[in-house]
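Lettered A, B, C and D in written order, each chain numbered from 1.
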Amino acid sequence: MSRSTDVRGLIPVLATPFHPDGSLDLDSLRRLADFSIGHGVAGLAVFGFASEGFTLTAAERRQILAVVTEAAGPDRPVVAGISATGTRDAVEQSLAAAEAGASVGMVIPPFMVKPSPSQIVDFYGTVAAEGGLSVMVQDAPGSTGVNIPVPLILELSKLAGVDSVKVETQPTAPKVGAVADAAPDGFRVLSGQNALFVLEEYARGAVGTMPASEFPDLLGAVLALVDEGDHGAARAAFNRLLPLIRFGLQPGIAWSIHKHVLHRRGVIASTTVRPPATDADPGTLAALDLVLSDLGI
Amino acid sequence: MSRSTDVRGLIPVLATPFHPDGSLDLDSLRRLADFSIGHGVAGLAVFGFASEGFTLTAAERRQILAVVTEAAGPDRPVVAGISATGTRDAVEQSLAAAEAGASVGMVIPPFMVKPSPSQIVDFYGTVAAEGGLSVMVQDAPGSTGVNIPVPLILELSKLAGVDSVKVETQPTAPKVGAVADAAPDGFRVLSGQNALFVLEEYARGAVGTMPASEFPDLLGAVLALVDEGDHGAARAAFNRLLPLIRFGLQPGIAWSIHKHVLHRRGVIASTTVRPPATDADPGTLAALDLVLSDLGI
Amino acid sequence: MSRSTDVRGLIPVLATPFHPDGSLDLDSLRRLADFSIGHGVAGLAVFGFASEGFTLTAAERRQILAVVTEAAGPDRPVVAGISATGTRDAVEQSLAAAEAGASVGMVIPPFMVKPSPSQIVDFYGTVAAEGGLSVMVQDAPGSTGVNIPVPLILELSKLAGVDSVKVETQPTAPKVGAVADAAPDGFRVLSGQNALFVLEEYARGAVGTMPASEFPDLLGAVLALVDEGDHGAARAAFNRLLPLIRFGLQPGIAWSIHKHVLHRRGVIASTTVRPPATDADPGTLAALDLVLSDLGI
Amino acid sequence: MSRSTDVRGLIPVLATPFHPDGSLDLDSLRRLADFSIGHGVAGLAVFGFASEGFTLTAAERRQILAVVTEAAGPDRPVVAGISATGTRDAVEQSLAAAEAGASVGMVIPPFMVKPSPSQIVDFYGTVAAEGGLSVMVQDAPGSTGVNIPVPLILELSKLAGVDSVKVETQPTAPKVGAVADAAPDGFRVLSGQNALFVLEEYARGAVGTMPASEFPDLLGAVLALVDEGDHGAARAAFNRLLPLIRFGLQPGIAWSIHKHVLHRRGVIASTTVRPPATDADPGTLAALDLVLSDLGI
């Protein structure tokens, strides 16, 4: 298989477009994937928190991966979120994602009954050994209620097949730095949290970021400036984007925000979200319009 | 279909036996189901919290229901735990359980992203309408992080197909009473929490209880005394069982306790649990032996 | 000063009696202290969770200690709960308790902003060094949201002036055992949780227990049997008490239960609790009466 | 008494400066108060979350209010944070703050044992009636674990002496709008969260904001543009400040960030924080310097 597992750079977590009746809108998904690729992203991620992954069925996941892996082309990494309350289901989800063409599993720890540190090690070791995907540890205690402190991430980083971590514990940049400084060569540290501290994370050793999917062009431009070493210009470009980044971090309505931006940008057909996601109210959308207007999008 | 949905009386939440390698032990499961039926239980429940339901795959759930529905005979209610992070997955789990012969779904609300009260109403309404099972609301905030206060349970009780509630919010007996006093006729209130307050709950209007599966004989005898109106003898029999009930409520090791008792009683072959459940340590098991010895089992 | 800091045996956490208008009832408090001493307890504790300590003002704490230290006599340990959101306030509370005659501080970690492990060490070290009391670490994550794992308790046990721990993390007995096996000689491990697992905790190395205050006679008899080595009789006596122990562990109404029992036993004048404690409802009290009747009290 | 209780406009929550040994630095506090007043703030707040209020003793609170009320002059509102685990202590804290010259109490609900909705009503009613301060409800579930939904805030808004609310539940702007639309005339809705959505909150009816204290000049300029009706310029000025706002919202290190900015700006002498606050690490401070440099401060 030729699909890369080398997660680096901008890898948006794609929104999952729905028709107004709540069913999957695969045409919009294809447009969203193409929109992302067209703006030069390094890979595509699905079934993340920003994808309303928690609302999807197994059959829907297969359909989504069929569309997204094709759009990604044969090489770019495709990251599938794996969220399970037990090891075996995590392995099954991984195997299904691998069969459907994903190359990397972004894996949260069991989040109903909270695992002990040694159980976390066993869990990731098993999923990496048996799941058929390169494993990215998703460190997102705000969503899972499970803390994975730096020493435990470092222990995980030594497991065969555990190749990367997405750090989402706030404050993110110091934790990115602590892991990046001590992890084995080749272990990749990425960030999330809708890129709220992406420049600080890159400065501390992050090699990639996985925000929501509505601004790959604008964030891509920021990261290009970082690559060029023009940090002042990067900050200026980032700061311009920050009002919108902030909008997509609001609990409960973040999913609606992602979709309203994508809809306004002509990428997806409907802003429908599935509960427990909530529609943004008209006042919020009016404020969002001002933010978008300032950005010229 | 003739299988009853009338959940009343003692309906144990069956442990899920595993072989030492962690795979399903269906022979032990069949013995456990027969052991329960042989002691006169009113129905059988699977995929509950006490079943390590959070560790099971979809394929395993089908296998389990095949065994359990057969053991339950054609009439007794079979209750399947439904735990999903979104509505569609809950409906799919319900449909799968219905197809495999279950008659009742014991349904927790979405537990990753927390739903609002109106979303909870929509969720249960949809699962009841589309899932093919009689719906029991499982009110277990200690596991789900979602509160369902009395007025909201009463609102749910008016939904077509939402026929019962299992109250596990502590203190349980007052909440049982508040719901039983105000719910529509025919809406059934049951209790859980390993029967820790079962007599108080029955006194307040509970019509059934769903504890773990290791003592159907002992608890059945208690409930028989209640039915006979001999409340003093019922309390004496309950009090004798209480030291063991207490053992099965210990966080993290409760599953191991359930299985060690079943193993000592000759019902299941192995005490293996799946993580994040934890094995009880030798000191705990030595203490458990004293409790069992006092009970003569 | 002659008051002992040697916390061992039964040290009840005294309820704080209030008049019906919510003001302190020091006469009832004196009767409760005398009732406890009269039943041979080893020491007295105040301002614990079971004391509604979270509702008391600094002035009330002084008044309470004046009564309780006198009732305790010159020698028995008097344990004062110390609950603060910062180090300096914890030190001040300790100094005030020491000045008022307490000998031991039962100290929870800062519970609003959660401290890191090294901050927990610094906190206890400072409180022990500057607070004027022998320090007991109160390990009660259910109330504080702060976990203190076994290795961290062992690190705390080496600090000068940190002399004991009250283990209330469930399951308690294994944690009691793990600490007792590894802590320095002379470091004392006690238990709480209303004595729900007191025999198992003693078997694992606990040297004392700190339940609520309504049954010192009944629990004292259990512990006397343990001391005599008659473990079967101890279990029988414990099991007889267990229905009542269970009643006093119900969230929200536990305080009301403690006081209703003490009131029925003629010890305190009023069952008034302060919010956020809640009065037990009539149905609960009717059930409690049956439990007390079975106990002959 | 002439001090206003009319909380409107920019009311910074003052950092509490400490000497390197952790003791209060009242000279720096005076400079910080003067710095704020000099930049035209409408009032001053102390003992908030941003003040490390959870680390302060009663004596320190008195000293702080002496300095701050003098700096505020005779008229401007002085807001004192009131955080207690019970009603009586909240009343005592209020009375002490009133005696020391504060006019408004920013009051969180009891946060150890969580109160019921009716207990929340009783709590605020009592504190308003007996505490001697105009009461502002602080709706900060992220810190307290207590939710106060819109209908409950509206119920509180009808209590005598409960005159305002500070909304800090995310997303803040819709909740600000829902309360502002339905609350009685004269009930004031303010916002917090370091002004992250201040423009959106003002658009929905907020009449004031209470961020941390390091940028009164920059945020004051934003609000002046809002007053002038120049919303485009206001957004531009806000967006320029946003990178810094974001820095001061990082859990654990926010307090250190506030103080480092104030120190760099020459306002306070030391960046010392008290645990459980944590010092920002050098990498974070290097990134902060870039943000400040972009702002020209």
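The rule is simple: a contact is a pair of C-beta atoms (placed from the backbone, for glycine too) under 8 Å apart; a residue touches a chain by one contact, two chains touch by 3 or more.
Remember, it's a predicted structure, so these values are computed and weren't measured experimentally.
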Rotation, 0 to 180 degrees and nearest 5, that superposes chain A on copy chain B via CA atoms: 180
Centroid spacing, where centroids are CA-atom means, of chain C and chain D in whole angstrom: 36
Cα-centroid distance, chain A relative to chain D, in whole angstrom: 34
Averaged-CA centre spacing for the pair chain C and chain A, given as whole angstrom: 47
Residue list for chain A, restricted to those that touch at least two other chains: 252
Category of the chain touch graph - line, ring, star, complete, other: ring
Residue ranges of chain C in contact with chain D within the complex: 22, 52, 54-58, 60, 83, 85-89, 92, 110-116, 119, 122-123, 143, 252, 274-278
Chain D residues within the chain A interface of the complex: 170-171, 173-174, 177, 196-197, 199-200, 203-204, 231, 235-236, 238-240, 242-243, 246, 250-253, 281, 283-284, 286-287, 290, 294
